[in-house]
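This structure is in structure tokens; I'll ask about it shortly.
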Amino acid sequence: MFLQQLLNGLLLGSMYSLVAIGYSLIFGILNLLNLAHGEVFMIGGFVGLYVAVSLHQPILVSVMAAAAGAGLCGLLLEITCFRYIKKEYPMAPLLATVGFALILSNLASLVSGAEPRMFPMEIDLGYLQIGDLYISNLQLSMFVFAVLLMVAIDLIVKKTEIGRFMRAAAENVNLSRLVGIDIRQVTRIILILSSALGGAAGILVGMRMGKVSPFIGSTIGMKALAVMVIGGLTEVRGSMFTGLIIGVIEVLVVAYLSSAYVDGVVWVLLIMILLFRPSGLFGSTQVDKL
Amino acid sequence: MSPVIWAYVGINLILTLSLYLNFYCGQFSLGVAAFMGLGAYLSSVLTVTYGLNLNLALLISSAVTCVVGVLLAFPALRLKGFYLAIATIGLVEIFRVMFKNIPFIGGTAGFSGMVGTSLPLIYAWVILTLALVWKIEHSRLGWAMRAIHQDETVAEMTGLNTTYLKVVSFGIGAAVAAIGGGLYAHYMFYIDPDAFGFHRSLIILLFLVFGGQTMWGILVGVPILTILPECVPQLGGMRMVFYGAILVLIMNLRPQGMVPEDLVRRVHGRYSHMRGTRSQ
Amino acid sequence: MGRTYGRFVAFGVFAGLMLFVGAGTLQPAFGGEPIRIGSLLSKTGGGADWGKKMEVAAQIAVEEINTKGGVNGCKLDLVVKDTGTDYQRAVALLRDLAVQDRAQVILGPAMSGEQNVVFPMANKLEIPIFGATGAAAGIAAKNRPWSFKNTVSDAKMLGPAIEAFIKKYKIRKVALVQDTKDGWSVATAKILPAMYKERGVEVVNESNPISWETGAIDFTAQVGRLKELKPDGLAIAAIYGEVASFAREMQKQGLNLKGADGSGIYASEFIVQGGKAVEGWVVASSFWPDNPDPKVSSFVKKFRARAAAVTPKNPEPTWADGNTYDAIYILADVLRKQKITGGMDLKASRQLIKEGLQNVKNFPGVTGSTSIGTDGEGVKQTYVLIIKDGRFQRFE
């Protein structure tokens, strides 16, 4: 039973990881906090739902549609919240993303209704059974997807030209500008990429939970933010593994203690990490940027 | 316009001033919702269960919250900027979970039975708070806090006890937030833990930044943002979409806020030349 | 952007805002002197589906009454304000309705959370307030003498449902499952164990219920624990969204347990979200939509037609809508008996309405016979319903 709960935790955690990776890409490289990330995730879920259910497309197409839809939101985000706001006012883009999030979640609620929308049970992918353990194929594929994603992003950042630009921007924005890197372009790409990621996560999580709700963005969003910080802000890998760890801890707390404390768990961990190891579980010591 | 809205404006003014005190000292603490909640529950229990006079209850709960704030300030010293912000969000959520699990104050079912506030009383406290903050700004304490905000290392080098100052700003901010929370509780007649989550802190941050992070800014920004959603009932479901759009628009057009620092300075400059504590 | 240009744009935005302010505070003119019923409903936000549907139910009732000539020669005027499922707004809007709009009585608000805040305020303002929903017990009782509800607490309703449940599924052991965040769930969970034990059923985990918080999204851990406990059924007190997801998770993990619950799950969304996983669940309710009684079937038909335009994904009437319809009729009856008219002195009419509501006895409505007790809470008959073929049907 413990093993099953452990497994449940890993699978829940991969959901946090997927969302947290998006946050860490934006914050780690651009030093920007995007509080609309949770809502972009939610939009991905709705787009994917529509494509899968109303247009009867196979799952893979739905995931790609979700990513595309969310990526579009990312572009809109970039235009409205990050492109024109001067960098001297760090709070302004942050609050603009809060406004954007409000727009997204309320529009979704107007279009789809305030209640969550269900994924029909037939869309589920079935179960794997190893001895006494139940593993949902869907959860398994989410896990695999998250791992593949981490590897892919790692490769992009380390091996491609755009990746080099990203790392340069992370090191020193002004110098990068001097050597001719178009920071605007880098910003745009990162926002679109991480939003697309969030969108894909949105549909996968929606399928796993069986439903998408217009208001789920802030719940998941805040927790994923905490996951990112615990993992070490700039480390994509950190978000990945921390998400899993948090998932396991939460499930164990619910199973063996009480669900009343579950919400507090991630925040207690956050504070402990910030006090005792501020660079995060997987981060290397780095200069404080804000 | 309904008097209820003005009550909210008054309470929001106090809460935003609490946040302002922290930001003034360079501490980006978002813990205002936690201290608000603490003040709300403490003062409510004092008036409902123990029958204390409201103002007395407010003062006591404010003092207790101040002590809690001071204690929490010490670990907070280690954190700066974004890290402090997110740690204090964590604090808010942890307080919220704590409130939910204390049956004495009602837990998830909330706590009620409070009475006793009125618009004049709320504004009396608003004026007191404004006076307090103004006094601090124009005192040596305020000047020292601003020095830390400008550049902490230099401030330390000039001999300022930054630890003491930061702890003080944290504590006073907590005390003010507690007053706001207590007034909120006694106006709403009912509180539950969810009123004091990170959303609350975020909204208050919004007020502060929209206003421009100055006292005048707060006086202008808070009423506008509090009243705004109520002005357009005919929009129905689009109300919040409209609100979000306004936010995005204002942040693009005027990211420095309604009444930012340099605007205040320029206006001051037009009416007097030498200002001892504001010389830069 | 140039400094001056930026300033002009900012001013333009500001001016635009002020125009909106002006437009928003214009009050429409009312002709004649109708009897004004103020209503607080959540038409946007998380409770939007509830609020929108309740508005439809109230409008149907008001129109029917007005077509028959109104009350005491006056038309009924229903003024609905949207709380946005935000109880701070709800309080502000109550003030508006009571003071500016001069409402004689208030209907609503829809959600218990809102009622918690609005009822005390209404009590202070000395305006009678009548809640047609909100299963949380005791809110009216705590705010006497101006608060009333025509809902009945689940403690009384659950008894027959639990008995039917035990008999049908031959239950000998149940597991206690609850939501720890929602007030109604917590209160109901406290009384459930006793109700099962006095009927000879063992509660296997009384001291350690399986639980979650409203808004929880992952139930794998809870279902895992449930599998270990091996009960025959669930003694459950939680809200439809999470219960539906929980039921689906159980089904996914191969667990086929049913539960009996009260108003927390009596929502058409429960079946929409739970699908096959909630077939066979038993519900205690004060409203049976397929009741062949012509009054009920006529209401249900009218409701479905109009709700289809407003909440197309969710047009079936539930107890909330039936209760709202009945609440309007109960109010109309009180208004008639107390000889209230539209132009009457506000204070006097509110006092009379309050007294009238205190004396509601055995009022026949679509939700059966309703009385209002001395504590302001509702007293109604119960129907036991079971989910069969994707609908709430009467338990046979």
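Assorted remarks:
In order of appearance the chains are A, B and C, and numbering begins at 1 in each one.
Operating definition for what follows: a contact is a pair of C-beta atoms (placed from the backbone, for glycine too) under 8 Å apart; a residue touches a chain by one contact, two chains touch by 3 or more.
A quick note: this is a predicted structure, and the numbers were derived from the prediction, not measured.
Shared contact partners of chain B and chain C comprise A. The interface with the largest number of contacting C-beta pairs joins chains A-B. Taking the mean of the C-alpha atoms as each chain's centre, chain A and chain C sit 35 Å apart. If you average the CA atoms of chain A and of chain B, the two centres end up 30 Å from each other. Contact of a single residue of chain A with at least two other chains is seen at positions 106, 109, 260, 263. Residues of chain B in contact with two or more other chains: 100, 237, 240, 246. Shared interface positions of chain C, i.e. residues touching 2 or more other chains, are given as 44, 48, 180.
Residues 1, 6, 9-10, 13, 17, 20-21, 23-25, 43-44, 48, 81-82, 84, 87-89, 91-92, 95-96, 99-100, 113, 116-117, 120-121, 124, 136, 142, 180-183, 186-187 of chain C are the ones touching chain B in the complex. Those residues of chain C whose C-beta lies close enough to touch chain A in the complex are 44-49, 180, 211-213, 215-218, 220-222, 224-225, 227-228, 241, 245, 248, 251-254, 269, 272-273, 275-277, 311, 313-314.
Residues of chain A touching chain B in their complex: 33, 80-81, 84-86, 89, 91-93, 95-96, 98-103, 106-107, 109-110, 218, 222, 225-226, 229, 260-261, 263-264, 267-268, 270-271, 274-275, 278, 288-290. Of all residues in chain B, only 75, 78-83, 86-87, 89-91, 93-94, 96-98, 100-101, 198-199, 202, 205-206, 209-210, 237-238, 240-241, 243-248, 251-252, 255-256 touch chain A in the complex they form.
Note for the complex: chain A touches chain C at residues 1, 4-5, 8-9, 11-12, 106, 109, 112-118, 120-121, 124, 127, 134, 136, 209-211, 215-216, 219-220, 250-252, 254-255, 258-260, 262-263.
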